[in-house]
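Naming follows writing order (A, B, C and D), and every chain is counted from residue 1.
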Amino acid sequence: MSPGPGTVETIARVREEVCALHAELTRYELVVWTAGNVSARVPGQDLMVIKPSGVSYQDLTPEQMVVTDLYGVPVAGNGDGAWGNPELSPSSDTAAHAYVYRHMPEVNGVVHTHSTYATAWAARGEAIPCVLTMMSDEFGGSIPVGPFALIGDDSIGHGIVETLKNSNSPAVLMQNHGPFTIGKDAKSAVKAAVMCEEVARTVHISRQLGEPVPIDQAHIDSLYARYQNVYGQ
Amino acid sequence: MSPGPGTVETIARVREEVCALHAELTRYELVVWTAGNVSARVPGQDLMVIKPSGVSYQDLTPEQMVVTDLYGVPVAGNGDGAWGNPELSPSSDTAAHAYVYRHMPEVNGVVHTHSTYATAWAARGEAIPCVLTMMSDEFGGSIPVGPFALIGDDSIGHGIVETLKNSNSPAVLMQNHGPFTIGKDAKSAVKAAVMCEEVARTVHISRQLGEPVPIDQAHIDSLYARYQNVYGQ
Amino acid sequence: MSPGPGTVETIARVREEVCALHAELTRYELVVWTAGNVSARVPGQDLMVIKPSGVSYQDLTPEQMVVTDLYGVPVAGNGDGAWGNPELSPSSDTAAHAYVYRHMPEVNGVVHTHSTYATAWAARGEAIPCVLTMMSDEFGGSIPVGPFALIGDDSIGHGIVETLKNSNSPAVLMQNHGPFTIGKDAKSAVKAAVMCEEVARTVHISRQLGEPVPIDQAHIDSLYARYQNVYGQ
Amino acid sequence: MSPGPGTVETIARVREEVCALHAELTRYELVVWTAGNVSARVPGQDLMVIKPSGVSYQDLTPEQMVVTDLYGVPVAGNGDGAWGNPELSPSSDTAAHAYVYRHMPEVNGVVHTHSTYATAWAARGEAIPCVLTMMSDEFGGSIPVGPFALIGDDSIGHGIVETLKNSNSPAVLMQNHGPFTIGKDAKSAVKAAVMCEEVARTVHISRQLGEPVPIDQAHIDSLYARYQNVYGQ
């Protein structure tokens, strides 16, 4: 497959965006070493762009971002002048990102981290209850738990999609593993990852000394509707 | 409304100050993404200056700060050369700030955050007991909880004012929501936000392993009187 | 009192040192806003140098450091070219530092913070048990609690000295207040403040999930003797 | 002993690497003051390179790294132009590093820290259970506890080697002391130190509010085999 001029420019732009957004993962301390990744769908193409495997965040460059099809297979041309470095493999989590893009056409960005507090809830297999107005705004209810799944096939992707399609939440806590978040674009998925860790931490700390006060479901619905629709986030 | 020359200079100064103070919120990790805001009353005017909605802290410039009346309505002229950018809306929390300025004439600065430990106490609806000398100095007693209130009308502002008018504390924990702080100027309100999180965290951690030793009310009163009056903070 | 040439140079050097050491308090996040201070005795003089009151850490300059006698009274000449800024008052904790210098001639540096975990133990009035080899090295046993004391006279200084004179520890947790540390020089007192918070945090976290294993007193004594004498710290 | 030209170049390269890797210890906040160290075996020589004792991380230079034999004795020549600074002693933990190199020929890098959460588990003498997929990948099971051992002879080194030779884990928690990690090179040992603290923290936090869900041993084995062999880390 040989990209036309328009595609080349689009991919270059998506690579810039995906590369730059990893700085938010380190800014908010959601990742250590190389354990987290951002991807974005290439608009109008059956392609995605994702972090390469094993590269430290401070060393990432746009050219290193890997272009794959929606089955996670790197496309021919990654190594030429237009598409980047042939020596880098896509993130080991690529299959899960790709599954989400295949099955959720409205999703254009996916983020995976092992952020500490979200992963702590995931290790107990416990959903985060919605006891904060900020959480009502962003998540519209609790943050659900997805199944335990091994890496290597579509199990993780399937677990993400099956869990999120029944929830307002753009975040799912994969059991014993960590959070995956989705968005209408990559920046929204990164924001969801940041806010997921924030509410995971705040609700955890609140519960350490007693039970948080529940929020009425009608209030949660009202806050969510306002934030998503009226307020226009 | 067309501002005279003196007002233009005053507003420019307040915008600089409000913009710069947001750096203290990130320095002390009181906020993530765009979830916190500082405002200041414009001296001698029925006007206030507040953070625009949805702008990241590292991108804030003085020109982006939004001037509103004391009902939170952006004033005509925000978009001209003197008053800034017409495309930015004021923070979604503007109505609460404005209510405080209308009902507490001695207050010239307001800060809102979702800082982690203060919000954790707020989620349980539990006041922070005064068990630290530093807390006696700054807060003169416990940090009280305000009512659960939905955004969209004056409920939040009313809850803040009704709670603070019966307390020494410049900070209130709005239930399930987070802290609001006030001050004689914006810097004092920011200091109160920083100290609120500091004592929320320290008292939380202390209580994780047992009960803190109470401080006699007479000692709290003595420390508060000295710090506020003699020491001259 | 007019300082001679040698004294002027010595005081300038001590001011540089005291000013620079405050950067360690912020580096290790032991302080917020202006709530912590370092002092040093001026060698060969009945004088000390201490942080001014109410100045932010990022704004500190050597010239602002205040020279006082060992009763905490600023010396004449602070405002001239040699001795600095006449408008700044010494830290509100100066009386406690001065008391220590008067009563512990071997001490040449004192540090006070409200570092989170140490203050959390102080709020419960509970000594930190010695359950770490690092703590045996540095503190030679538990970190003791000093009495509750109000600011304004010699009560705090007296409580520090009475507690430390019966302990190997260079750190004392003043009840409901926070840690004070001492050293043979100001850098050693700063190191003690850093290590005090480190062991306060680690032992706290260890105890959250059970009881730490005690270390035999003979082993504590052996580690302390080696670190202080053989190893030469 | 006088090094030949090839050895001089190799040692210079190892010194650069060991010096630079200390920046990862501070980046991930695994160390305070001077309390942690990295070493590497010199390829093809019975020599190792280790941090000097008592030097702050921000002041480290490659020339300061100390070359010792595999009994921890600084080699003649550290002070000449080729081998560095004669005034610096090797880290007080050198004997433990050296013992590991003598008894584990496949190990070429060793790291020691007192990172907070790992040390908290060590203080309770409790192994970290494997309840995270990331932990299965990196550690292949639980992170074991080694014996209490005093500094000054081979007790610490012996405890490290005896514990690690029966475990998949590249990390051991020495009781009441802290973690030591090993690797096929120094960077791998640093990665193990970073990941050890990460899983120590996440599992600790998870257990604060209940019991994490166990992972089947067959799944742990499968994840470990894939990550170490197929994935090629």
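Miscellaneous remarks
To be clear about the criterion, a residue touches a chain if its C-beta (ideal position, glycine included) is under 8 Å from a C-beta of that chain, and two chains touch if they have at least 3 such contacts.
Going by UniProt, the chains are A, B, C, D = L-ribulose-5-phosphate 4-epimerase.
Remember, it's a predicted structure, so these values are computed and weren't measured experimentally.
By the document's definition of touch, chain C and chain D have no common neighbour.
With rounding to the nearest 5, the Cα superposition of chain A on chain C corresponds to a rotation angle of 180 degrees. Different-residue interface: chain A and chain D share under half of the residue numbers found at their contact. Each chain gets a centre from the mean of its Cα atoms; the one farthest from the centre of chain C is A. Look at where the CA atoms of chain B average out and do the same for chain D: the two points lie 46 Å apart. Averaging C-alpha coordinates per chain places the centre of chain A 32 Å away from that of chain B. Each of the following residues of chain C touches two or more other chains: 208. Contacts between chains, counted with the stated touch criterion, involve the pairs A-B, A-D, B-C, C-D. Looking at the complex, you find that chain A touches chain B at residues 28, 131-134, 191, 194-195, 198, 201-203, 205-206, 208-213, 215, 219, 222-223, 226, 231, 233. For chain C in complex with chain B, the residues that touch the partner chain are 32-33, 35, 54, 92, 114, 116-117, 119-121, 123-126, 148, 150-152, 175-178, 204, 207-208.
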